[in-house]
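Both of the next two complexes hold subunit A, though its partner changes from subunit B to subunit C.
Coming up: the complex of A and B.
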């Protein structure tokens, strides 16, 4: 039993603990909070700026605060999945996780992302409601190409996004990465090897407008083709500024049959047939056909008239391949990137906002509305509020494909996925404590004595917490935390493996 | 709710929990896919080898307790094998980065609970509530478990997406059995894997090595090194397999199998302490098999820390 001297205690900047009054935790002190920019079932997203001097000073950061999980559930599975997935991926067209912070008092989790000023929801809305003209060809093509490029990266790492929609496709504002697309939000990310689960059990209502027909017909297993369907819907929306299949959602649990959404699809694309989609007959909702979808008659399909494209154009050809009924025949992200559409003028570029031809007008998109009345706790009110955007800075659902695509009616597969961790990893300075022996004993004692348990830890206790250093190279001896008050042994390590 | 007590379940009883058909369905293999898995694993292992873990006696026993706890609890709750394996890999990963002081047996148990909880959150549907994962000699407040989860997550840098040997089994069975696989081979393979996780630190062996060794030993327990190499070189994934590691795992499994035949059966129960009642152990195993219900069980097989047993069923919060 070795007792480390006081020199071994503390000294790390991560030990901030804001138990005393309104003091901010130290991690929070490195940011200037600007305000709230989004809110959803997952939690709240804030805009903040980095305070610290240096090259990052003033840089905008989106901070996503997870809603606390239910008492007794521990760290929320959603947060675990999202963070572990984000830790494994790194791509120019995928949102970048900069840091993970843990608030020690309530154990709430905060994710810091590079901030993206725009998203496709706001861009489309701006054109529809303010500019009153379509998005220029170059911008549409560049946005689509970059979206496919990010998606191809995800799919080749066995990750399905599963909830692509305009508000989840972010675009960088002014700066070095201006006009660069970032696929956002890994909210419901699923780990490799996890059993494939039906949509409903995530308990999150996602918009059905971008949902692939195989899912609407009750397919239990996802493939990356569901994302390509969504990309097709988004492509059409970029062209027309209107959602392509705007069905009315049936709100019921679990996972009700979305008749109206299918009806909207069939009206544009025509009735699916077994000839075109052989595995159609195996899909649960098609098979049971409680609402007689098989018997419905639909007029001649007219996708080209809806999107105002000549059937001979490469754009139409690509779109129709994304909206192929049979998921196995649907174009993949890799194939789409090679499509003729991207090889004809105007060629796609890195900055989707700046057209290649200087004579074309550059649209200045409005910045994201910020609600400056909300602080991280969601309480303080200082200034009059601005409306909060319905688009999410970093929201949406990612889903790891637990296996290679097996087709909508494929077998149950549970192989692991394989996102490769190429990146060095973000600077990591989340902190976590575990309770001291004294705390555990207190719990046990009170259990034995009273049969009930009180709050397991007092403020005084947590203020006295100290860390033990991480094990050093080659050190196999057992180490203990310093004795602080003569009787209470605190075993409260501090994590501070900063790589920044 | 009654807490599952310190029951002992033999690894073989675990084998009945997952139907073999599920694995069979996965048999569509894809060399490319397996190679991606292997590459990913190689990246992870190069880091691991630098922190080759040598456990002290105290820690070894603590690890065995953790293995028992994790296997018992996963069996009782009907979890997948991957969940148990992942929990243990988090456990070993944590201890290769941090040290737990020998006085804190509760910390080891807390670590086991937290690792199991994290693995279950990623693998199981529905996700169990924390109180279901209790079962050792201490009963932890859910806030304490949550703190430990955060500590584990941070220590592992949130990289929980490890490959497990089970991911490889359909592929290796298919490749190593030339035509048809012998009946019951899957349960024998699982038995080898569950036996070897008790013996080795999961940080020191690749999941692919454990998986291929388990398949090879289930097919033939008398392979020479040369014969084994021939078999490995015949499959497409061979260039990504670490033959040395496969052979090490093969030898350990072979030895464990030999011990099993030579030693009295009670020594094979998960708890190696002499106090284990063989009959009781078997009755537990069989009732788990048939009913998979919560079992109360006396604590005689736990020869330490009897003072603060959780005889109280009150939930902690």
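Coming up: the complex of A and C.
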């Protein structure tokens, strides 16, 4: 993502209604702004410290400021989605949303997170360019275990992240939580339990290098297995310090076919076959681009030689299970946590940076570059001296031609009961009088006699318009919810105009 | 309740899914647990809730289109708001609901429960679904978890249609007293409809001070 001049951001907010005299809004005064640490299409990320006295004093906070969308459509859906999910989840290996702030004057939205000093992108780069040796076994294993642990939490809460890549896997710096992995950037994440739209409608998911083959082949329905593929790619990258499948992205809308990326995968893993992946033939691009796909022949599937692992090691076994072509056979986060690899020495630990064996050298990773010339409003005249590299940019939202959902996959059907304390209403004070079943029935019957509900019966048959659309054979599970209608109140003439 | 109807009407005009409307109504009710009607004008809060819900439920509606639809179904000047007003209110609603945006609805558990109870034939589903729809005109959704509301509606249906589901209810690990209470509240709600509310509410709304 190119580094835009901060002036541009300032420009979009500098309109007349901003606070006069540069007075900070109240919420902003609780922070000391340090500077800008990242930027993407969504907005800008700042580093700040908490000013208030108390245990949190001096604590570092990353503040993500969302740009006002240009088309005048308020808070961006990306921001809504991120707030929505982060507000509900809490796990040691998931980034923590500390606060949300709104500046009503310029209608901007700020999300405050616990600040993480490192991310896997920087760690890998540091080893590749500066240290010139691989990341030690203990660190790789601990990072991977914690990443899987966080992912397992998300998946068991029906959330797919959809944008896992090294720059989104944060690691805490010095302090109580040093070396703890935090999964970040939920701008593309979503709940997949009962989607109102086919998942592909949201367009681009997962940066192309980490994109699972079923997505590359145009799958309409996908599952949490896409995250596991990305984890596999990240695992390999941690081992070799190089992205595993570095395909050249085809940039076009809507959602072009990424042949080169697939080709890179096939080169290492060989072509998928129908025996190994039975549903392969149903994928749109597999059918339409068959000749292109099979244009090159690769005889020698050589994943182990690429990652320099013996095929017999537990590490290789785990990796190959993550990079399984068939998403239904691919290992899940929960299964991966139980894998042999994590039960052999060195065992994974909470602080990924401090090795279990003291003789091993601790690598000191560089801290994030901070551009201290920019303030919250983005008003600065000085260009940052170096590009702020965090690679954190969310790939732009492309438009995708909406596709009608076809072919039900069984994956959204059963779920845990929705018994949750979601409704944050006031506590309910129970009624002292509890009716028995018989009493309720008596009440119901008396109502029936009184005519409250009776009218429903007589009109029911004639009133075909109020039919609830029912699930038809072969129809997708997603479309069960009927459009607004079907209140039985409409059948009760009591509130209609005939009364008057 | 009146505003819930308004949201539903708007949603219908825009052809939004029921879940979006249900979420919008929930937001509105949550907003008014902390804010007064005079503080936040309900005629603006309603469309803004629908707008926010459409984003949260991944069926984003253009603000311009929403404003257009308001004009179409409510030519009355008191309902007229511009895009800017809706966007501002969207922010205020976000604050008022304290950024809790995930809402679960009884509908999904309802289908599963009905199947489980062997009551999934068309007529019973339709009746129960209607009952659930009507619960959005009450405060129940703020006070009880959605699966219990769904159960209460099934309970009413089975009592009303004289289906013997007592054994099935006994097997469920739920507090039947709560379910019964919810059922009673729903029935009370139908009772209260005997008095013509619509007019009263319209009168009350007219008395609200206009902020314009």
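Just so we're on the same page, the second predicted complex is superposed on the first by the 341 of 500 C-alpha atoms of A that agree within 3 Å, B and C clash if a C-alpha of one lies under 4 Å from a C-alpha of the other, contacts with A are read in each partner's own complex, and residues count from 1 in each chain.
Note that in this section contacts are C-beta pairs under 8 Å (C-beta built on N, C-alpha and C of every residue); 3 or more make two chains touch, one makes a residue touch a chain.
The structure presented is a predicted model; accordingly, all values stated were derived computationally and were not measured.
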On the A-aligned overlay, A:34 touches which partner chain: subunit B = first, subunit C = second, or both, or neither?
neither
Which partner does A:75 reach: the first (subunit B), the second (subunit C), both, or neither?
both
Contact-wise, after the overlay, does A:102 reach subunit B, subunit C, both or neither (first, second, both, neither)?
both
Both subunit B and subunit C contact which residues of subunit A?
72-75, 77, 80-81, 83-85, 87-88, 100, 102, 107, 191, 194-195, 197, 201, 417-421, 425, 428, 430-431, 434-435, 437, 440-441, 443-444, 447-448, 452-453, 456, 470, 480-481, 489, 491, 495
So in the complex, which bits of subunit A are touching subunit B?
1, 71-75, 77, 80-81, 83-85, 87-88, 100, 102, 107, 158, 191-195, 197, 201, 400, 403-404, 406, 411-421, 425, 428, 430-435, 437, 439-441, 443-444, 447-448, 451-453, 456-457, 470-471, 475-481, 489, 491, 493, 495, 497
For the complex, give me every residue of subunit A touching subunit C.
72-75, 77, 80-81, 83-85, 87-88, 100, 102, 104, 107, 109, 190-191, 194-197, 201-202, 417-426, 428, 430-431, 434-435, 437, 440-441, 443-444, 447-448, 452-453, 456, 460, 466-468, 470, 480-489, 491-492, 494-495, 499-500
For a test of understanding, state which residues of subunit B touch subunit A in their complex under the given definition.
22, 25-26, 28, 30, 33, 36-37, 39-40, 43-44, 54, 56, 58, 80, 82, 97-104, 106-107, 110, 114, 117-118, 121-123, 125-127, 129-131, 138-151, 153-155, 157-161, 163-164, 166-167, 170, 308, 310, 312, 314, 316-317
Residues of subunit C defined as touching subunit A within the complex:
8, 11-12, 15-21, 26, 29-30, 33, 51-52, 55-60, 62-64, 83, 86-88, 90-92, 94-95, 98-104, 107-109, 111, 122-123, 125-127, 129-131, 133-134, 137, 139, 141-147, 155-156, 159-160, 166, 177-178, 180-181, 183-184, 187, 190-191, 193-194, 196-198
